[in-house]
Every structure is written in C-alpha cells, then in structure tokens.
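Note that the chains are named A, B and C in the order they appear, and that numbering of residues resets to 1 at the start of each chain.
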Amino acid sequence: MTLPLGPRRLFVVVLVAALAGSWLAWRVFDRDPDPSVADVHPTAELIARGEYLTRAADCAACHNAPGGKPFSGGLAFKLPFGTIYSTNITADRETGIGTWSDDDFVRALHQGIAKDGTHLYPAFPYTSYTALSRDDAVAIKTYLFSLPPEHAPARPDGLTFPFNQRWTMLFWNLAFLDEHRFRSRSTLSAEANRGAYLATALGHCGECHTPRNIAFALRPSKEFAGTILQGWHAYNISPDKQSGIGDWSDTQVANYLATGHAQGRGSAAGPMGEAVSNSLQYLLPQDVTALVSYLRTVKPQLGEPGTAAPWAAEKTAGDPGSRIFEGACAGCHELNGQGRETPYAALTGSQTVNDSKGLNLIQVLLSGASLQVKGGTVFMPGFASAYSDGELAAVANYVIGHFGGKTGHVTADDIREGRSGAELAAISLNSSE
Amino acid sequence: MLTLTINGEDRQLDVAEDVPLLWVLRDVAGLTGTKFGCGVALCGACTIHLDGQPVRSCVMAAGGAVGRKITTIEAIGESDAGAKIQQAWLALEVVQCGYCQSGQIMSAAALLAANPQPSDADIDAAMSGNICRCGTYRRIRAAIKQAAAV
Amino acid sequence: MSETLATRDGPSVNRRAFFVGGAALVLAASLPMGSRIARAAAATFEPNAFIRIGEDGRIGLIMRDVEMGQGIWTGASMLMAEELDVGLDQVTADFAPPNEKLYANPVLGMQATGGSTSIRADWSDLRRAAATARAALVQAAAKKWNVDPSGCSVTRGMVTHAASGRSATYASLVPLAATLPLPKDAPLKDPKAWTLIGTSQKRLDTPDKVRGKTVYGIDVQLPDMKIATVALCPVLGGKLVRLADDAARQIAGVRDVLRLDNAVAVVGDHFWAAKQGLDALDIEWDFGPNAGLNQAQIVKGHADASSGDGIVARLVGDPETAIARAAVKLDAIYQLPFLSHAPMEPINCTVHVRPDGAEVWCGTQVPARAQAEAAAATGLSADKVTVHNHMLGGGFGRRLEAEYVGITASFAKQVPYPLKMIWTRETDIRHDRYRPYYYDRIAAGLDAEGRIISWTHKVTGSSVTARWAPPGMRKNGIDPDAVECAEETPYDIASLRVSWVRHEPPGVVTAWWRGVGPAHNIFVVESFVDELAAAAKRDPVAFRRSLLHKNPRALGVLELAAEKSGWGSPLPKNVGRGVMVQFAFGSFLSVVCEVEVSPASEFRLRRIVAAMDCGQAVNPDSVRAQLEGGLVFGMTAALYGEITLDRGRVQQSNFNSYRMLRMDETPPIEVHLVNSTETPGGLGETGCAAAFPALANAVYAATGQRLRRLPLNLPREATG
C-alpha cells in the first residue's frame, strides 16, 4: 500500500487542519452569549424608548414598503442573484412576529436567525444589530408590539440556487459575523463612544457607506470609504479632507444629518434622503453631536475627490445642457445654483455635483427627490419620461461643470443604465394616486 | 400671524409660515394676479419678486418672505422696468389668453432691471422657465428687446 | 388690523348690467360689489341678442364667442363696431349667458366656441346685427328730425344730418329707437369704407391682462367662500371604497372632507390647507374594470380593429383596381397618441348651491352645458342656475367639456357656502379628456407621370362626435371629425376611398383637442404625400405643385412658403427642410420647417415659415398671433406630446413628464399673409395642425428617416 502523501506533506495537511479547526472553534465560541430571559413587561416609558431606538435603527427603511402599512414589509431587494422581500415585523400572529418572544427577537438581531430557526440574509443588517444591547433590542420589540398588528403575508423570495439555501448562511456567519455586543473603546471619549454605538449598532451607517468584499461582507479596514449601491453613490464619510467630509465643519455635518441639508454642502436625496426622513431627523441633538464626534475619529480613507468650493456659474450659450437647465431647473435651483425659494435646492458645494461620474445626480434627475422633514416635504420632480438619455447626460455634465467645477463624464449610456433602477413614473405629490 | 410687506404695504395675515407664498397672496391676501400653474416651480406662472429678485412663489414658504419686500404683478408697473415691460407687451400685443403673462412680466421685469441690454442668450436664461401654452414666446422676446431699447 | 378670510372684501366680479327682457325698452339692474340693488337706471335699446345701446352712453356688445386668447372678443367687436360706426374704444364686451337659442354658433349648431368657427360664424351674423342696429338708430334720428335716413351719416356713434347740420348721439336716440320696428335688410358697409376690418387693432382684453387685473375662473373671490381640491379615482370607472380622514381633519385650515362615489374633496380656508389635507387622506379605491389596462393593450386594440372594413366616408372611382396600374406603390401605417390639453389655468370651478338656486363661476367654452351640468348635479331646473363665465386661461378644447362643473356642483350641494374647486396640475393632466389615439392605414399609387391614381386611407379611432354631439354624426354612421381633411385633401386624386373604423378604447374619455380631426389627418396625409414624393424621386414642393393645379389658393400658399423660406437653397449639415400644405377650417396654409438633428438624434427647431390665405383677415395681427401660437402648440405636441396608460392610470402628471416647448427651443416664426377678400376662414387651429407634418418632413429631409409615429423621437422610434 502506498501512502498518498509523504511525511512532510502530511505534516502540512495536519497543521492546516489543526489551524482551521482552531479558527473554527474560535469563531464558534468567541461570541457574546444570548442567555434566555423572560419577556419584559411593556411600560409606557419602555415603549417610548423603543420608539426612539426604532427610529435610530431605521427599521422603516426596509420594513416599510410604499403604499403599505408601517413595518408590514414587502420591500423588494434586487440582488445579483435574485429578489428578496422584507418581512412583516408587526405583532400579527399569523403573518408577522406576534408569536415571538423577546429571546426570539434578540436572536434575530444578534445572530441573524428567525424564530423557526431559518437563517436571515445579511440584507437584514444583523451584522450591525448584533452590537445592540439586549435592553435596546427588547425595547425595539416592545415598541413594535405596541403598534396595531397588520396582516401582510411574506412574499416568497426569488433567489437562484445555491443562494436560496439559507442554511449555508451558517458558514457565512462563521466567517463574517462578529457576534459581540458593543464595547466602549478606551481611545474614544464618552461622546464618541455613544456616536460609535449610534453609527455602528443602531444606524448601521457602514451597511451603505463601507465597501464590501467578494462575499458581500463589510470590510472593516475601509470603514466609511464609500460604496455604490443600487445605482446610488453612498459617499466617503471618513474625515479625509479631499475624498471624505474632513473639510466640513461640525455644524455642517450635524445639519446634514438632522435636516438633510447643509449650507454649501448640498441636500440628501435617494436612500440617504430616506434615512434623514425616517431616522436621523428624529435623533436628539446630543445624539447628533455624538455621531459627528464618532465620524471624526474613523481612519481617513482615500477615494475620488469630494466637495470643492462653490463655483460661479458661467453660461455656455446654446449648449443643450444649459438650455435644459435654464428651462426646467433654474426655477428652483437658480442659474447660479444657490436655490432661492429653499436652501435645499442649493447645488453649489454638494457632493452630488462634484462627482464626475454623476451617479447620484443621474438618480435624482431620473426619479427626483422627496425629503420629509419637520418643515414639510422638500420635493424635486423626476425627468425620466420626457427627456432623452442624451439630454439628461447633457444636463448632468452641465451641472457638474458649472456647480462642481469638474468635467462631467456622464454619457447617454450611463443614463440608460440608471433608468433600470429608477422609477419611470414621475414622482407625484398627489399621494392619493 | 405673519406680517408680510406686499407691494409696499405691511399686511398682517392669519396663516402659518409654512404655507407657500403663492396661496398666501391669492387666498389670504386676495391678490389673484399671481397665478397657479403647476405647483412645482416648472412653469413660472407664480413668479413674484422678493427684494427685486424673481422667485417661484409656489415653492417658497411664506415665512421666508418675512422682513423682505414682496412685489407682485399688481404693482410691478410702478417700477421703471415693470412699466417699460408692460408698455412693450401692449405695443406688440404679446398677450393671448394672458394666464401665464403675470409670471412672464415679472420674470422679464427682473431681467430688465438687472440687465438693461439683455442678449438673446440672457433672455433665454431668464425667461425659459416660464411656460406659455398659447405660444407667445417670440413676441415676448421682441417685447423685452423693445422695452430695453426705450 | 389683522385680516382673516372672513373679513375680506366682497367679490371682484365684473360689474355688468343685468338684462331682463327682449328687444324693448328695459330697466337695467346693475350689480354693485356684493349686493344686488335694482334701480330705475338707464334704459337700453336691444335690437338683438348681441347689441345693447344704453341711454347712459354705454355700447355693450354681447359676445357669443368665449375669449380664450384667440382674440375673438376683439375680432367680433371689430365686426360690430365697424357696422355700427363706433370706435373700438367706445364699446364694452360682455359674456353671453347660457342660451342655446340666442347664442348658438350657427356653424356648430350649439352655444360653443371652438372648431375655429367663430369668425366664420360671426362674419355675417354679427355684421348684420350691427348694421340693423345702426339702421334703427339712424331711422330714429331721421324720424325725430323728419328727414330721409339716407341723408344721415354716423361717425363714432354720432348721427349727423349734414344738410341741416343736426346731430344726435346714439345714447340720446335710445328711447325712440326702441319704439320703432327694426329695419329689414340693412345693407353692410362697402369694404372700401372699412376703418376697422382688415386693420391690426389693439385688443380689448390685453390691458387688464398685462396688469394682472383680469379675473379668470380660478380667481373668483366670494364672501364665505372655501377652497377645495379633489382626488378622483385614478382609474376611470373605479369607485371609492373606504376613506379615513382623521389625519386630514387635524390639519390647520382644513374645514371639511366631502365625498362622491368616485371622488374625495378636502375643503380648506386656502388651497394649501386643502392640498395638505388631501395628501393626508387614507383612501381605498376599487379601481374597477380598467385596473389592469396598459398602453400595449390600447395600441393592440386599435391595431386589431384597423383590420376591419369600417364605414366608407368617401369613395371616388375604384382605387383598389387603379392601384394595379400604378408605377409606384406605397403603403404605410401611422400612429398618433392620446394628447392632453394642459391649459395654463388648471381646471377649476366655483359653485354656490342655495335652496332657491345655484350660481356657477368658471371659464367655459360651453356655457349652456355648464349650466346643464350644474342643474343635473343639483336637481335644480336650468333656469335656476346662473353661470358667470370668465376669461379662459386657455381652452384648446378642454373647456368644451363641462364635467368639472357637475363634479364641483355635486360637492357644493353638500355645503352651504360657495365652494371653489381647484384641480392640481397632476389631476388636470391625469383626469383630462384626451385627443383620441389613431391608427391609420394609408396606401397610394402613382402613375409614370407622378399623378396619384389611387389613394386609400382607413382611420381607426374613437368618435368624439358620437359622445359630444350625436346629431353631428352622419346617417351612414361616419363621424365627420374622424375623416376631416382625410376625405377631402387639396390634391387632385383620381380615385380614392376614405373609411373609418370606430374603436372606443377603454379607460379614457376622448374629446376635442386643438386642431381636432385635421390635426390628426393632415399629419398622416402630408407625411404620406412626402413619402410619395420621395418614392417618385421628386422634390416635395415640386411634387405637390403638380398635384395642386386645380387648387389655386392652396398652390398660392405653397409657392409663397417655398419662396419665403428659400426652398432649395443650401442648408448646413444635419439640417433639413420640410414642407406641408393644408386646406382646413376654411383657410389655406403652407408651412416650411427647418430642423437640425444632432448626432444623438435630438431635434432642434431652427426656423418656421408660414404662408396663410385665410380670406379676408379681420385683424391681421391676430391672424399672425394665432399662427405663431398654434405652431408652437403643435410643435410641442409633435416633439413631446404623449399620454400613456399603465395599470389603468395615466402615467404623465406635471410638466416634468408632460413636457412643454420653452422659449429657448422656439425658433423664429415668420408669417406671410395673402391679401384676400374671400370670405374669412378659421384660424385658431390651423397652425397647430400644420406643425406635425412640417416637422416630420423636415426630420426626413435631415436624416432620411421617416417617422410615422408621434411624438417624433428618433431613438424611441428606432427601438420601437
């Protein structure tokens, strides 16, 4: 009988197996446990705290579908390997989570496992929510259970094999789920630690703003370096002065978070607009300040140049982009981009117009923007259906050139690609339709 | 209670400050010369002046006009540019149905006040936000030039 | 002192005299602001429905036609002032009340302003009415002075008997004139004596419009009035199922929430409160049978129907046999979309329903229908419904519909106060009544000399006439509008068959849109004639010229347009010139359009040249203005106009998705008028109809690509 491997190779194989085994053991056992605790008794105070935390965690972003009741799910996520839908997290016993105990809810947020043992996909950001304290997770559940239960059956997923094999998430979690509660860092102030909790556990900012690896897991070394997601550019929010928000003042950052707009820095639109409308505008001022503090502490990340100084608009007569701008856009945005009727319409200084590729600009041109803030609704119509790809590319490049001071590189093909993600029907304020 | 200075007169108006100025002017102050056309700053029919600058009043919260000078079509003729514009409009018979013309005249008067010799490109830039369904654009352009020549 | 709505001033309704009688001496009760006080005021001479000469010097002209920007108040006033021998500055124009008997447009057979028929209807009627009135006043003077009427002349309302040196104003003659029988057959003025007709007069309505003083329907203000906006079921045929309005009622300024079986209105102190309230409603609709309707189904419905034979509108010779002999044969399918009107003044109406009657304030092209709608909605008899008409902020055919009056009245009868209903622009576009979709099959054959020896044109589309004016349908079932300018073209065609397949698409109501039948058929005919010219390898102007030898006036405008546009002279790269010619609405028009097509296939209008023979022009400047305006309106639709449906709903909503031509896209437009003394032809819709083929043919000249679908859009056309 011949041996398949020589002694040296056998040694290497055994060593690797031992290391892998140790690593596996480490991954399996290095976690904060979730001991079973009886369900808490709901009090008015707990519900109120839960409401605040639910907003801070922005559950609505995914669990509210347009036209549906709050938290009843149904929002579609188009992934490269198919479409999945958010679930009903109201207290409906049949179609929601009405039968779930506190333990069940905590397990979902911390481990990504539903009551019946099925694995959840990391589109649900349990990789961030795992850092939530049990108390906070239970407060959120208590608030959700205080709302009227809605009957809304889950929509079946449409994922291709092997991605529809949920049990394989076990391995993904082993590799990428850092199942620990938030721990304060001694290197950060108390305020920055609070900000870290708000950003990484509750607000899960990194789920959009941090790049992912090939397995679709976040890359911690690149925290807040910015990514492109569903056609939108979630910008670099690290303190890098060129590529990130390092040259923004604290007030500008705070205003942007709290109101969706910062003077000289532009307005939030698209998914960030929703984050402001649903979540950030409800944070207490001290929590906004804490977030800002934390943002200042992360490692600066290099990337595409960010916001530049305001640019004085020059008109190029006859250029099709300038023609469309003066007709359809200047009424709100003004020829010099300052935005007269509302500061939200100011274009100068915004990251959107400083991006030569114009990703977010394309989205906003196609679908418009709608920001619900305390003063009302800030609204821009979309122009997808009545303007051609070439026209929208021309306007985008005009805007980038005149308000961003850069050469825009938006092509008609870029617009065409952007259309598949964007709403083709114009946004209407007439919500009853 | 909002205090707004409209056409040189201080008016106390019982309305919340987030109501767009257009509706404060029309429905509360009773000045219906400023028109509603689209409600989303795409047509220019609602154009008024705020400290002499043209503004689409349908998307401007009335609170933002407090402490500033509001001028509407009813009083634009009292300004030099406004009077010239209105005269030229009549001389060239610009108007057809007339519904957009309050906004057109306000945009044109602001242009002329800021730029006494507007070129075609200047006129395009200042006026292309105002839609006219009756198609009076050529006459508007000619009338602005005529007013500038006075 | 603070001002709330409750203490605001009364209505800014135009003062007008209120007439209560026929052609006799009448007492006039005038209406000061906010109150009605009958006074024994000035007596009036009313020789007919149109003219009111007051003892107080007022010369009132009752306008049968509604002023919507087309200038008809000035034109009609010029006709009457001319024959009355008064200055245009001496007359006051007023709206005619609803009265089909007195104010029906004889061309249309009903009280309506539209179809470019006003000046054609007024040309004889109003001049005769005025001539008769003048003759009656002269008769009175002659009787008073005991002289021969033929010795009297009139200047600016002053009758003078030259021989005796006596004179009297019309005003002073009113009591006597009213007692005498009206003269018959009063002669019309000799055209050589005209001082107004044929000259460019200043319009009566524009001074107020320029000062922002004109009160449009949307501007009406009344004591205790409240303002509403409305949500109509997004799908035609649907119903309201459930409404939760608690959140709406909490909003500051919201006064009430009203419902109908397919609509909900929120009432507020001001429009914004009503709108915020509307947005806060939780409405559940049963969308009804049209909920799944989409554009592909609508197009397919028309395409399928178009294979039917339809009804023959006109048959000359035997085109099916003739085509066998043709040297050149061509056939094509043309498609035209639904179109929305989008007047700048969105749809609105104010109604006050009281137990004893109702009042309606609106802008309408059909006052009697507005009255009837309000009567039907309130259950009152029509004579209890007063309609106050206003200057229209654009009609274009939209305000030939009065359904919004009925809707407003249905809401208004639920409340005691005057209710002003304003539609948002989104509702205005989504709940419009649209120009029909058309699917046209056309084929022709030319002989070796390029003459058209066979021509068949089958139109498939909805019938507006069948719904809007059933007596207008022909006995053989043809809707004349569907084949207008298809069954008759300016050209010499040896044999032709024009037929129509009636197809009613679900989910929309179709209606009159500026240009009506001609705006549809002339696009098809003039594009196809251009295709024939290309197939025959002939220049488009030369080809048409050869077909117009029996139609000198059409030929005349073609030649004029070709000459003034420099037809045949070289053009820069990527620029093309297109030509078309039409006889529509009684007038002859030829338009040449220059368009530049960019490498990305975007169109830029460079120049438009129009040559018009409308017969005797009443106010030449008005003719130019109508042509300029109509061309812009038509070019807008030719480039961008399209209403499409998905899930039963109209997809377009505001000017971001229903796009308008703007000033920086509007080229120079030159209008050349042929001096003519022929009977006046219509104007308002001519330019609009001409725009579509002029542009399509220019695009062909620039690119070699024939576009058979509107709106004209190369990339979209290329991808189907």
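Following the convention adopted for this analysis, contacts are C-beta pairs under 8 Å (C-beta built on N, C-alpha and C of every residue); 3 or more make two chains touch, one makes a residue touch a chain.
Just so we're clear, the structure is a prediction, and the values are computed from it rather than from any experiment.
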B-C or A-B, whichever has more C-beta pairs in contact: B-C
Centroid-based (C-alpha) most distant chain relative to chain A: C
Length of the line joining the C-alpha centres of chain A and chain C, rounded to whole Å: 52
Chain B-chain C separation of Cα centroids, rounded to whole Å: 27
Inter-chain centre distance, chain A versus chain B - centres from mean C-alpha coordinates, in Å: 42
Interface hub residues of chain C, defined as touching at least two other chains: 424, 654-656, 662-664
Two or more partner chains touched - positions in chain B: 39-40, 42, 124-125, 128-129
Contacts with two or more other chains, residues of chain A listed in rising order: 323, 326-328, 381, 429
Residues on chain A engaged by chain B in the complex (per definition of touch): 315, 317-318, 322-323, 326-328, 330-332, 335, 340-342, 375-376, 379, 381, 429
Sites on chain C touched by chain B in the complex: 1-5, 8-9, 12, 68-71, 202-203, 205-207, 209-216, 218-219, 221, 227, 252-253, 269-273, 342-346, 391-396, 422, 424-425, 621, 625, 628-633, 636, 654-656, 660-664, 666, 668-669
Sites on chain B touched by chain C in the complex: 1, 11-16, 19-20, 23-24, 26-30, 32-40, 42-43, 45, 72-74, 77, 86, 89-90, 93-102, 105, 123-125, 127-141
In the complex with chain C, residue positions of chain A that touch it: 320, 323, 326-328, 368, 381-383, 385-391, 412, 424-426, 428-433
Chain A contact footprint on chain B (complex, rising order): 18, 39-42, 44, 50, 53, 55-57, 59-61, 64, 121, 124-125, 128-129
